[in-house]
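In the two assemblies presented below, subunit A is common to both, partnered first by subunit B and then by subunit C.
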Partner chain A sequence: MAEKEVIVDQAQATTGSKLSNLLSWFNPFSRGVGMWAWIAQRLTGLFLVMYVFIHLGIIGTMLLDDFLGFNTGQLYNSITSAMSSPLIEVTGLPSIFEHVFSFAFFIDAALLAALVYHGYNGIRVVLFDLGIGIRKQKTVFWILLILGIISYFLAIWLILSVPAIVLSSGA
Partner chain B sequence: MSSTKETKMLTFKIKRFNPAVDDKPYFDTFELECNEGTTVLIAIQELIAKQDGSIAMRYNCRAGVCGSCAVLVNKKYALACETLVLQLNKKEIKLEPLPFYPVIKDLVVDMSQFYEKLLAIEPYLKRDHSKDPEAEILQSPDDFHIIEESTKCILCGACHSSCVSVWTDKNYLGPGALLKAFRFANDTRDEDKRQRIKRVTAEDGVFRCHTAFNCVEACPKELNPTEAIQTLKRQSAKQTLKFWSRR
Partner chain C sequence: MKLSPSQERVKLFIPKHSGSSAFWWVLQRLSGFFVFVFVFLHMVINHYLTLLMETEDIPELANGIASFQAVQWKMQNPLYFWVSILFVVFLIIHMLNGFRMVVLDVATGHSFRKIFGILLILVGILIVLYAFVLNSTVLSLG
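Now for the complex of A and B:
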């Protein structure tokens, strides 16, 4: 294995524990939008990675069905129907709104928010790597944030309307 | 007190800590009459002279040149000698030492880790001096323009103290040293560019920068270390890829 190249070794120059240094990321002093954008990028990134594993776990129950000798899709179907069943019963509303109160919708909404933020801020970071807009980083952030919010509501509208369209065409 | 000058009574909260005596840092409160010419440094000097001689503060040039007086003023990085207290528009002014550095006493911090990293990038012109002209080595205005801003760094260490990557990776060179690395790597009189870029390409070099822009936010000289680091990143990528394609 190649030896790690160290330019300066300062292992002894410690002022706090690893954890306290990490927590001081969230210390609001002399910070601009760049810092908060970066923290949010990290958190949404972590969330997305965790989501992938949860997602794989739930999809994986399809295989588990066969393995445990259940009917095809029994476990998987019970999980998905539990997730999409309404959290609160609201009657008299158009069918679109029934989705809004399901657990699945909350997960989808949070996932989309993280995805849209991570993607748009990712574009911002790529621009910086190309040397574009570094001096205008705050403006770039706000422009992309507005674009992100627009895309977010567009996507939410799609989530809500597409199942309704599919259902009505199937009937 | 002259009657022509407008004066105002301000409260100063200074973070005190003497590691030899105290267990924990604490705040001391002082009151001082200030006028429009009073800088944070002058205020501290007056407090030392008239109220509490034990406050420790480091300064030298009093003109924003030497970079020894950087402190946190109301949670913002600033040079004490260049910050006018009345322009802060606050009744209470909070003074703290630069975070992350070990405190020696009160507002004085131990910046040796910053200097050590600075030395690691060899911050001096390297060239074959046998071919030097008789008089000074000339540089065209265009060539100077590339590095002009980065030559204005006064090594106050504020950017290093603000950088989150420095906090979590002790060996990361940090924005201050990398700005200097940019300054010398892109100096047309320097003949060591290859080596310099190779050095900052290592594990604790430019690619530890996550573009959080804390250094830009911190720099009292309003320089842009992030831009310099991003330029170094591109130069480093170019040089490394070229090196591979040649093998």
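Now for the complex of A and C:
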């Protein structure tokens, strides 16, 4: 028994007290890049699952027109049109930023962020599964993150520069 | 047992453990690759089409590339119809299998794993059927 207590005391002396162990759980720097990448992969995955279900629900409104007595496509067009309408009126901005303050743009921006992160980190996971780059896992993470950020801003720029990406207000 | 060179190459892609968990692992990687390809196609066709072709003369796109009329117009093409179904199939496999992995990280009961897996397969089949009905209905209304 006494021997066991000595072992516990030694363990606490090397790893800190119970309180500091608990506090370190909330310290973002107590985990490495790999752990954060894993957590973010799970969170973006769950976000994308939710998004897919909402997306399938919205496009499913195409089936409801006849049931609800609307003209064909009217309900779907109304929903997508409302989503692409500006939430706040901001004047004087260049035309490329015309859709920035719409709900659809916020959703698209969040979706792309999750998609790009999940996709690039997925590539990293596959590389490690195949035994490629494990010893330089932090470097691989930062390289793919930079590539992801470039891809993200490229996609955002494309969304903003395509005028017909969302419904026109007259739909 | 000594493996042939081709078997050794295949072995590289399979994790150390074997059986059903290896099957789901390989399926997750393969479906992930196909989702990556289909997401790219989906984005180009549904969002960036106007960058690739002149769309001003197409009356179906007058209300925007995401309007119901535009979806109907795209659905007339059998390739679009079936590619979108395939996209849903791979997306659902990747999504539900990923969700299963996240849940099984914390839930380890054998019977729970089995029931949860069967439930997810049923959900997946329902979603694919839903996508097929949706595409067919949109096409029939055109």
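In this text, the second predicted complex is superposed on the first by the 133 of 171 C-alpha atoms of A that agree within 3 Å, B and C clash if a C-alpha of one lies under 4 Å from a C-alpha of the other, contacts with A are read in each partner's own complex, and residues count from 1 in each chain.
The rule is short, and it goes like this: a residue touches a chain if its C-beta (ideal position, glycine included) is under 8 Å from a C-beta of that chain, and two chains touch if they have at least 3 such contacts.
Fair warning: this is a prediction, and the values are worked out from it, not measured in the lab.
By the document's definition of touching, of the two partners only subunit B reaches A:Lys18; subunit C does not. Of the two partner chains placed around the shared chain by superposition, neither subunit B nor subunit C is touched by A:Trp157. Shared-chain residue A:Val49: touches subunit C; no touch with subunit B.
Of the two partner chains placed around the shared chain by superposition, subunit B and subunit C are both touched by A:Asp129. In the superposed model, A:Met62 makes contact with subunit C only, not with subunit B. Of the two partner chains, subunit B is the only one touched by A:Gly32; subunit C is not. When both complexes are overlaid on chain A, the residue A:Phe106 reaches neither subunit B nor subunit C. Counting contacts by the rule stated earlier, residues 129-131 of subunit A appear in both its interface with subunit B and its interface with subunit C.
Those residues of subunit C whose C-beta lies close enough to touch subunit A in the complex are 12-13, 15, 29, 32, 36, 39, 43, 47-48, 50-51, 55, 61, 63-69, 71-72, 91, 95, 98-99, 102, 127, 130-131, 133-134, 137-138, 141.
Those residues of subunit A lying in contact with subunit B across their complex are 4-11, 13-15, 18, 21-22, 24-25, 27-32, 34-35, 37-39, 125, 128-131, 134-135, 137. Residues 42, 45-46, 48-49, 52, 56, 59-60, 62-63, 72-74, 76-77, 80, 84, 115, 119, 122, 126, 129-131, 155, 158-159, 162-168, 170-171 of subunit A are the ones touching subunit C in the complex. For subunit B in complex with subunit A, the residues that touch the partner chain are 72, 75-77, 99-102, 112-113, 116-117, 120-121, 162, 164, 167-168, 170-171, 173, 199-200, 202-205, 210-214, 216-218, 224, 226-227, 230-231, 233-234.
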